[in-house]
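Given below, in the form of structure tokens, are the structures.
The following pair of complexes shares a single chain, chain A, combined with chain B in the former and chain C in the latter.
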Partner chain A sequence: MPQTDSLARFFDTGVSRWTPWHQSFEQPVHKLYDTWNADPDRSTLGGYVGTTKGLQAMIQRSLDEERSLRALGGGWSWPPIAATAGTLLNTRPLNYRFNLRVDQIHGDRKLVFVQCGMSIAELNVYLAAKGLALKTSGASNGQTIAGALSTGTHGAAYRVGAVPDYVVAIHLVTEPGRSVWLERDSEPAVVDSVAGHVGAELVRNDDLFEAALVSFGSFGIIHGLVLEVDELYHLNAWRTKITLDQALWDAIEAADFDGLDLPGSDAGFPLHHFELLVNPYESGQAAGDLEVFASLMYRHEGACPDGAKRASQHGRFAQGDGTLELIGKLTDVFPGLTDDLSGLADKLKFKDSRNVCGPPGDVFRDTTTRGKSASSAMGVPLNRLREALEIGRVAILEEKAPALISVRLVRASRATLAFTHHQPVTAVFEIDGADSARVHHVYRRVQDAVRSAGIPYTYHWGKIHKLNADRVRELYGNRIQDWIDARHELLPTRELRRVFANTYTDQLGLSD
Partner chain B sequence: MMRPRVPIRPLCLALCAATATACFTYRVDAPNVTPVEAPGTRGRETVWSFLWGNLNQIPTVDCKDQPLAEVTVRDNLGFTLLTILTLGLASPKQVEWSCAAPRPLEAEIPPTQPGAR
Partner chain C sequence: MTFDNLPTLITLLIALSVATERVVEIVKGFFWQLNEAREDPRLEAKRRFWLHLLAVGGGIAVTLAAWPAVREVVPGTGDWTMVAALGLLASGGSGFWNTILSYVLKIKDLRKEDLRAAQQGASGRAPLRQPSEGTLAP
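So, the complex of A and B:
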């Protein structure tokens, strides 16, 4: 039997209404608990097992009270993916970390075992101290690793993929008295004894694992994760305007930038991160090649190149907390202002910076965006990106919406419900802006137009979308039933499945 | 005779600037730390500075053994007016703070089978 220290501590916050980071809704809650390990200053296996037992007690209580239970990470999602009127568990204080020895790992790879609440920022610091680094992350670093996994958070690492693509084992607390250590059968991660040490039942099953990766907290509480990481590397970043001409389109559609004369490419290091930012209001964009702002990062396995500037945490200015909300309200009433304000935002946000270098933790840093904002990200195949981008650009201009477009390329994921599953590389086409009526009209128009054009599309689960159960089935086909079957296998009773359902999964037909 | 054109855009931008004064915000983030919410790890307080800054109220912050993650100072139109009306004798600001999550030491998973000694 694994040794158990004291159980987790649950502090009732007294909060009766919860609002996520981007203030996209307000959720009445029965209880919001902060969840702490018994000893928050020292990772111990006994403490980890004690926290598992504490989480299981919470599941039992939710079953008894017939309430929904949701683990809450960074709260960064726009839709109510982590919300419930039942009990919310803030898991951010759960940040134990465990070293895995070479003889505990299957294959020649580097793995770490971390608790669910560890943020990307903390992971970057922890891994850098060990001479390691995450393979990729989102553009900023406040999400917890379990939250980033559960929504399919991605960056623009077109050779790597998204967060789910480097998770190799999941410790899932599914019911009172049971937790599961889930790995792929085809690619086992760690030796059997590790599951025993954390008091979990070892399950090696590819289908269950791929389904559990992107599961919105609906398969139980993700308590721990094993991540495959890399030796510490550096990213040499170039952010500047380029022309989106035919040669670049050809490269995007082939996801092959070799031989293309891009800023920073002359040093010969492999391109790691490919991102474009488009301001639809920029003059001269109505016809011909678009002028876009490119964010390109080259991976250096060693130190930064000579002469590169060090990546710093922040610029000198950031928008105010209420700025986006104000822009949204103003442009809803005075649409003639949108052009000027978007141009201003473009100039403030996207400044030329060349030959900046640092480890991933210094490049993908703390976000400066606060307050009400809107973001919607659609995954499309590479060869349909051009059409989707034009649909978005025209919709923004015609609606006079205060919004900008970004394009990121992400290697296709194996996760059953990954929105980045378009092979071989998914183009993520994102519209970010103020949380205004005009921007929401754009989201509706783009979804309708992309669907009418027959472009296969998916949506980032953690961002704004207008999906329902029928549409989700239409987009994901058999993947939905595979995911539901896996959920039934891991949560065998209807009562358990109700505990780990919420209005979001109800709306998408994913609760049963 | 031409009527003078109403400068809609400058007026709107002025309105924007005036409204934004409701939430002047200055924030200091410690890089690469996670603010953690738990009893006593986050707080908000209106603090006063008197006599042109010669007597300052100190916010009550207790992060136990953890560092601060974030400090936010907010000003608004009311605070600014009060400072002007009292000629600087009293000047309030709202201070918010949050503590960082602890960074626990790493542990090893034992190499033996569970239960083995």
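So, the complex of A and C:
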């Protein structure tokens, strides 16, 4: 048996209503606890095991009280994915980090083991100090690693994939007295003894692992994760306007940008991040070659190139969600202002910059503002992106909605419910804007039109979507039953499954 | 423009409002029917209606007159809807916008708190610690 230090400490915050980061809803809660390791200053194995036992005690209490239990990360999602009227555990203070010795790792890989509450920002700092870096992350860095995993958070690393694609083992606390160390059978991550050190039962099973990756907190509490990371690299970033002409469309549809004369490409480094921003008001009513903002990042394994400007956490670029909220209210009252104010939103989102370079942690920066913005991201196959983009552009123009479209390319994921599963590369087509009635009309219109056009699509689970149980089955087919079967295997009783369900999973038909 | 320079926009509206108030005062001075409060509630209501209308018209005129300065702060081409909206906002009076400005400055402080809370967890009650690295071996 592993040695156990003191159990985790749970502090009742006294909070009775909880609101996520983007203020998309307000959730009454029975209790919201801050969860702390017994010793927050030293990552110890005994402390980690003690926290596992504390989490198991919380599951027992939820079973006794017949209440739902959710682990809360950064609260970054728009829908109530982490919400419950039962007990919320704020896991953000659980940020232990552990080195894995070479003899504990299967194969020649760089792995670290971190606790669920570590934010992407913390991870960037921790890894950079070790000369390492995440393979990719989302556009901002406030999510916890467990939250980013559970919703399938992605960036625009079209050769890499999303967050679930570099998680190689999960320590899942499933019930009182039991936790499992889950890995792929086909690609084991660590030697058998590691699971024993954390007091977990070793389970190597590809199907269970792929299902647990994107599981919205419904498979138990994800306590720890093994991440496969890279040697520290630098990103050379260029943001400027380009023409979305036939040559660029051909490259997008093939996910192959070699030979294309893109800004920054002349240095010959591989393109790592591909993102486009389309302002429908600037691109005009007529379809054709669109002028779009491109955000392109080239990966340098060594230092930044000579002459590049250094990326900094304290540079001038910052998002402006609060201003988006104001734009939403103004354009609901004065639709005629939409054209001008969307230009403002454009400037909020992207500023022209060239040849800026830094490690990933300095390029993907702190989001410092909070407010009622809206965001919806749809995954479509590359060869249907053009149609989907046109549907979105026309819907925004006709609704006069204060919104912009961005396009990011993400390598297809193996996770059962990853929304980025369209092979070989998923085009993520995102509509961001003010949280206004007009923008929500656009979301509904786009979903209906894409479906009518027969374009296969999926939705980012952590962003706004208009899905229900029938639609989810329609979009994911057999994957839903595979996911439900895996959940039954890990949570064998109805009572346990009820503890880890909420209204969001009820609505999507994923609770049982 | 970001939330951080929203106070600049509101300061502009305060300036437009002060100018609009002066325009209204000057025009009122020419018409005793507008300048003097009436005892008859019906006539007083009518006087107030005309004063509001005058304030809106004054706001639009001031915005148009100040457009070269306004466009430095407010993006866009300045079509009639933009001018009308700004005129309408300016007619709210400088007192109103002063109050809004104080709210916005308070919100800016709260947003700093939000950032702190995000770095600390949902309740933000205690600062997060950065523990030293451990090893996964007994």
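By definition in this document, the second predicted complex is superposed on the first by the 495 of 512 C-alpha atoms of A that agree within 3 Å, B and C clash if a C-alpha of one lies under 4 Å from a C-alpha of the other, contacts with A are read in each partner's own complex, and residues count from 1 in each chain.
The criterion applied here is as follows: a contact is a pair of C-beta atoms (placed from the backbone, for glycine too) under 8 Å apart; a residue touches a chain by one contact, two chains touch by 3 or more.
The structure presented is a predicted model; accordingly, all values stated were derived computationally and were not measured.
> Both complexes share chain A, so when I overlay them there, do chain B and chain C fit or clash?
Chain B and chain C clash in the superposed model.
> One more residue to check, A:Ser353. First (chain B), second (chain C), both or neither?
neither
> Who does A:Trp18 touch here: chain B (first), chain C (second), both, or neither?
second
> Under the stated touch criterion, which partner chain does A:Asn99 make contact with: chain B (first), chain C (second), both, or neither?
Once the two structures are laid over each other on A, A:Asn99 reaches both partners.
> Would you sort A:Gly361 into first (chain B), second (chain C), both or neither based on which partner it touches?
A:Gly361 contacts chain B only, not chain C.
> With both complexes overlaid on chain A, does A:Pro40 touch chain B (first), chain C (second), both or neither?
Touch status of A:Pro40: both partners.
> Looking at the overlay, does A:Leu88 come into contact with chain B only (first), chain C only (second), both, or neither?
second
> On the A-aligned overlay, A:Ser6 touches which partner chain: chain B = first, chain C = second, or both, or neither?
Once the two structures are laid over each other on A, A:Ser6 reaches no partner at all.
> Mind working out whether A:Thr503 is in touch with chain B, chain C, both or neither, as first, second, both or neither?
A:Thr503 contacts neither chain B nor chain C.
> Let me test your reading of the model: by the given contact rule, A:Asn141 touches which partner, first (chain B), second (chain C), both or neither?
In the superposition, A:Asn141 touches chain B alone.
> Can you list the residues of chain A that meet both chain B and chain C?
Residues 2, 11, 13, 34, 37, 39-45, 90, 92-93, 95-101, 104, 113, 117, 119, 121-122, 126, 142, 194, 197, 320-323, 326, 330, 334, 336-337, 340, 366, 370 of chain A touch both chain B and chain C.
> Note which residues of chain B are touching chain A in the complex, please.
8-9, 12-13, 15-16, 19-20, 22-25, 27, 29, 31-34, 36-39, 65, 101-115
> Under the stated contact criterion, what part of chain A meets chain C in this complex?
Answer in residue numbers: 2-3, 11, 13, 15, 18, 21, 32, 34, 37, 39-45, 48, 72, 74-75, 88, 90, 92-93, 95-101, 104, 113, 117, 119, 121-122, 126, 142, 194, 197-198, 318-323, 326, 330, 334, 336-337, 339-341, 343-344, 347-348, 366, 368-371.
> Can you tell me which positions in chain C touch chain A when the two form their complex?
1-4, 6, 75-77, 79, 81-82, 85, 107, 111, 114-115, 118-123, 125-126, 128-138
> What part of chain A is in contact with chain B in the complex they form?
Where chain A meets chain B, its residues are 1-2, 11, 13, 34, 36-37, 39-45, 90, 92-93, 95-101, 103-104, 113, 117, 119, 121-122, 124-126, 141-142, 193-194, 196-197, 313-314, 320-323, 326-327, 330, 334, 336-337, 340, 361, 365-366, 370.
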